[in-house]
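The following pair of complexes shares a single chain, subunit A, combined with subunit B in the former and subunit C in the latter.
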Partner chain A sequence: MRPERLVLLAATLALGVGCPGKITEPSQPVTVMELPDAGSLARSARGNLRFKGPERLTNDFSNALGLNADEVCTELGQYQCAGLVHTVALGGVDPFGRGLYEPSGVTAVTTPLVVDRMAFSACTRRVDKDLATPGAALIFKGLPQTGAKLANVDGPELTTAIGELTHRALQRDPYTNEVARYLQLAKDIEASGNAEPARAWMQAVCFAVLSSAESVFY
Partner chain B sequence: MALKGTGRLSRREVMKALSLAGAGSTSLSPLLAGCRQSLQSPQDVERGLRRDALDGKPKFLIVIAASGGASIVDSFMAVRASEAGMNAARFNTFPDAQVQAVSGSPFRAVKVSAPKLGSIPIAVNADQLAFVQQHRDDMLVAASVGTSVNHVIAQKRSLNGNGAWKGRTLQEAVALQWGQGFPLPNVNMAVGGYGERGADDSLPASVYAETVTSPSLWPLGLDGARGIRGAPSRDVIALARGARADLDVSSVFGTTFQDADALKRWRAQVSEGARLEAQDLITRLNVIPNLPPKVPLTAYGLDSSPDGAKVRAAFPAFFDDPFATQSALAFLLLKYRVSVAVTIGPDFNVTLGGASGLANPPLAFDFSHNDHRATQGFMWSRILSSIDTLITLLKAEPFDQATGESLWDRTLIYVATDFGRTRSRPDNAAEFGSGHDLNNGFLMVSPMVKGNTLLGGVDPATTLTYGFDARTGAPLPGKVSSNEADLYSGVLTAMGADLSGSGLPDASAFKRG
Partner chain C sequence: MTPGSPSTRWSAFVVLLAGAALAKPPAGGVFCATYPSAPECVGKQPSCAYCHVAPPQRNVFGASLEAKLVPGASRPLSDGDFSMALPAALKAVEALDADGDGVSNLVELQQGTHPADPGSKPVDRACQGSTNPQFSVCRYDLRYVYKKVLLDFCGASPTFTETKAFTAMTDDASRTAFLGTELDRCLQSEFWRGKNGQLWKVAHPKIRPLGSLKEGEDKGGVPLADYYDDYALFAYSQTDDHDAREVLTADFFVRRTTNPTRYTRVADLPLSQKVDRAHRAGNMTTAWTLTYFVMFTALPRNAASQMYRAYLGLDIAKQEGLYSVPNEPQDYDAKGVQAAECAACHATLDPLTYPFRNYNGISSAMYATRYIPNRLELGFSTLAPRITQTPEAGVIFGQRVNDLREWATVAANSDAFAISTTTDYWKLLLGHHPRPDENAEFVATWKRFKGEHQHRVQKLLHDIVKTEAYGAP
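Right after this comes the complex of A and B.
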């Protein structure tokens, strides 16, 4: 059975949306795809997945969130995460320092934590920018708020933001289960008593997409 | 069972007694060794996973990688000119006064004074006597012959005994033996071949080393969000990770690649990461203090280790000298039971700092190509100083209140090095360059080694070392064949590792008691 596709919103075609990063093309229409039945999906026989490594991750996060590469993540505000501090944890090399000429080829125990740091750092920066200048927001735009809360945690604006994020980070439309889970996330955050649930949701959903296995492997 | 008229057992009775003893030991051994061992699978035994039968408590290995070739005849096996006879002038012998005897010990201690270090205008004044006097009872020096004079290959072989046990490194063997349940059993901060993974792919992923290139900032990567300005609260982080976990499993990507090794490993590592965060290692292992503007910890909601002041006082060069920071971090990794195997060592880069203005010469020990004697003196001082400080810290750290053991009682420090150095020199030259040589020796320091012991010896006429019987310790003058497996086995034997199925040589001579 062909997956049912629901077109929810038209694209925002304005070119001057304030994106300072490398991707400047207009947003694509957000479509939500129905998740295929797991039984209908073929398992990869070879399963030859590769971790993206420091350079690809930085570039992909940078492009996805419209940030300059050096804005993605710094430790203590000044030491580049992927390029200096955590290069080897992200599968990179250190030829001049430790004489490490070849990448290990496998992820380390600390790799997921470093990916989380990079994702939180980049997402926090993106959310700050989108909230500071709503008119020029890149991803989280047009989200009605009541005070620090999202005005409607089931609203189509949230689905649009999820779609925009998925487009930019994963180069595809979101599936129905993803939209449903991220909308549930908004409700969970609001129920947690967080003082700024709107901001927290934006950070959280951005983090979840950017640090997902699909985002960090290829 | 009756005795013969001679008072001896008959042959048949001897056989019967032996078979009874054998049967008895077979049935009782699981009880004697503990139920846990009897439950271990043959695969575990084959991999060497069997635990210490006596106490089950961890032991710790610190490998100090003396990069570039630390020469044993420029330290504990030095040769006096008067002993070398007619060869004294052309081989690497010292004026008699520079080779100090240590009372009641087979070790020697070299005193070197040089006005400069190669072309670097700093004075070198090194004296090993205090170290040997202080630690001789925990020191074991074993003569060695390697199989490579290529830096990276020789470095690796100093850690895997040239493939002595399926290619696994000493650190991996120790992590396998005692590191199960430790957050990061094997942490490696060393260079080149010392930092390479072993060749035994059958081991659990957790025993392969976590590579650390920036010991001062690496702990920041032990938490997924702390220190990220503006990051959401922990409860929101938990909710976000929960959503991610759900979708990672149910997504098209997750379903398609559910059998991929990389993804299985990733999911296991994500779970492990949560354990690391829970132990607050981002704080506990943080050597550096709050020093804005270069290190604004407080501004980012971070803090230094509760032991920060102590390790910084012990290693005051921590801010400039990576080897000092590594040494401090090594102590913290052991103290907080994060690791059982830690590898540190100076690298090949110049490091400025310290009293002379130079903390590390270019190429570390390999600067001996330019100026052998001063380099060896300078670098041995650097290594011994770190060992001395680590021992002081470890001795002061209780391990088991019930037994009164300190952390040092269960730690072995192994000074791995690439190879030795060539012995020839222009007649009587005090400043000369040396090349790489297979012939050398290794230093181990631990309460677990047979202390105050020199295995093998040195031929004063050539200044080359000769071997020994690894089981009995008897010197074997003239033996100059490779003994990499003996040394590898010696480290593990001294630590009391279970070597079942390893095929390693008996190296009882290394073990205390």
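Right after this comes the complex of A and C.
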């Protein structure tokens, strides 16, 4: 099944924009892919998905959002979420302190909470930066606003932002249903009466991508 | 001759039979003589748990077997009678399905699944459905492997641009070559070899650090020894073109430098390591091992069993790796280990421990973490009447060794060491012990590691990455 080619030239305008994080490669044109019929997909015979764990999650979130690793998530503003506070919940070890020499091998009840915590923290930081300096924005760039609202919730620049985020977090182009879902999300947030719907949408779409199964397992 | 080879198995079998009067468990050897190609017998032997919940209590497979074992004969059977009768009993239950999982005992033991565990049975890996746009889930997929290699060894996904460039390569040969280069690049990364990196994670259960006792960098509250030296030797032995066996056999130490992390061989570490060169055996004789595993003990069974577990994958507490030695245990330290419930394991464990007799822990400040000739005579002579008769010679895998360095050499050259090392990385990279359907690839991998690759971990890692087990989504 071949992807639908919808190259959005607007994305190429961002070429050469410097990124504050580790990954500084220029933006790539966004192609929205047609989602295959789920019923026709081949089923994995092995099904050996692995949770990324503390270090890989931190690195991938950091790279995806152009943040330094220590900016991804801290508790009380100073204790690293993955490297210190929630290491074991994320499947890590604590050999020197608690004598936990090997990971448990399974995700815990609190693991999803910590993943959500990290994703939301990192996304909040990225959105804050992009809104603070729109000229140097990494992901949510070129999004016209009217006050605190997005000027055009159907605009191609939103699709470009979704594509940029998907490229950086999932290393692929977005599917049509993903784009449609996130555009609808913008309308839903605006309709909800949120005081800052533009910011809330950016945080929400970022969170949805970073906390997805595709993002946290490999 | 190494453990697991047919000749070794038969040697062990004969040794076990010779020890019949001491109630040594010969079942593993007889089983493997009956089914030499069973996965449980390739480089190892089934543990007691194959037939027992905890001896003498049998699991469902053991119970079905027991019923066919010279029915009517008085119990307990002698080891000799048991050994003679077991092959026929095994044959008699081949067609049965002890755990009721729908798979016969024979198929389970041929496939390497557990005949007493209904949750363990051969898995049908047949592919279903058509194709996926991202990965080919039914076969080795280079795109999938590329992402995994970067995550597993570099610690981060490739970027979108890198992924596209990889996909755009002209053919699989180019992609395969590029993957090899990327793997080598990642093996230099801090994520892989740096402090608290992936190699250190493999080492944690072997070294079993304790922060409060740490000396030197990151000093603890009661600093006794610097286990970072142990991590350094471990990491050194697993990187570049170094021989992994040196983790047990090295008569040198390794210094770690940072930014970037490098491991460099040095003759001595006078500030932290005290065992003289002639008596060093890699991480078995470091200051940390002697501090933590020997500590105040005359006969440090804990040290021997931990080395056996950590570097050979044989956990005596789980009744693994039992190669009973005739006329053992002697119980030189009068701990009561000749009791029947103790002797089955101690007939293996105590002869493993004797070569540690002169390695001092922290029982004397003057002699702390050193090799002291006549250590038992100097410091423990009043502990038990026969303690000073403890020999330095011991036995590992049924083979006599004169001292700990010989112990280390036999251990490092064994199939068990190659299997254990390969298992370490299999678990790290796949997240589980080798599964029955992965057994053929696993066996081929550890045999190449031991043979063709001469115990080079870097080459082992390239091999694992090339397996279907690793590379088929």
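Things to note:
By our rule, the second predicted complex is superposed on the first by the 208 of 218 C-alpha atoms of A that agree within 3 Å, B and C clash if a C-alpha of one lies under 4 Å from a C-alpha of the other, contacts with A are read in each partner's own complex, and residues count from 1 in each chain.
By our rule, a residue touches a chain if its C-beta (ideal position, glycine included) is under 8 Å from a C-beta of that chain, and two chains touch if they have at least 3 such contacts.
Remember, predicted model here, so these are calculated numbers, not experimental data.
Counted by residues of subunit A touched, the larger count belongs to B, out of subunit B and subunit C.
By the touch criterion stated above, A:145 is placed in contact with neither subunit B nor subunit C.
With both structures placed on the common chain, the touch criterion links A:84 to subunit B but leaves subunit C unconnected. Once the two complexes are laid over each other on the shared chain, residue contacts for A:97 go to subunit B and to subunit C alike. Within the superposed three-chain model, A:36 lies in touch with subunit B and with subunit C [touch as defined at top]. Within the superposed three-chain model, A:113 lies in touch with subunit B and out of touch with subunit C [touch as defined at top]. By the touch criterion defined above, A:75 lies against subunit B but remains apart from subunit C after alignment on the C-alpha atoms of chain A.
In the overlay built on the shared chain, the residue A:181 is in contact with subunit B alone; subunit C does not reach it. In the superposition on chain A, A:59 makes contact with subunit C only, while subunit B stays out of contact range. Touched by subunit B in one complex and by subunit C in the other are residues 36, 41-44, 48, 50, 96-97, 99 of subunit A.
Of all residues in subunit A, those touching subunit B in their complex are 35-36, 38, 41-44, 47-51, 75-79, 84-89, 94, 96-100, 104, 106-114, 116-117, 120-121, 124-125, 128, 175, 177-178, 181-182, 184-185, 188-189, 192, 194, 199-200, 203-205, 207-208, 211-214, 217.
Chain contact summary for the complex, subunit A toward subunit C: residues 1, 3, 23, 25, 28, 33, 36, 40-46, 48, 50, 52, 55-56, 59-60, 63, 93, 95-97, 99, 101-102, 105, 167-168, 171-172, 218. Only residues 125-134, 136-138, 147-148, 151, 155-164, 191, 201, 204-205, 208-211, 214, 218, 430-432, 469, 472-473 of subunit C touch subunit A when the two sit together in their complex.
Those residues of subunit B lying in contact with subunit A across their complex are 152, 183-184, 189-192, 195, 197, 205-206, 210-214, 217-218, 220-225, 227-233, 235-237, 239-241, 243-244, 246-248, 250-263, 265-267, 269-270, 272-273, 276-277, 294-297, 299-300, 302, 347-349.
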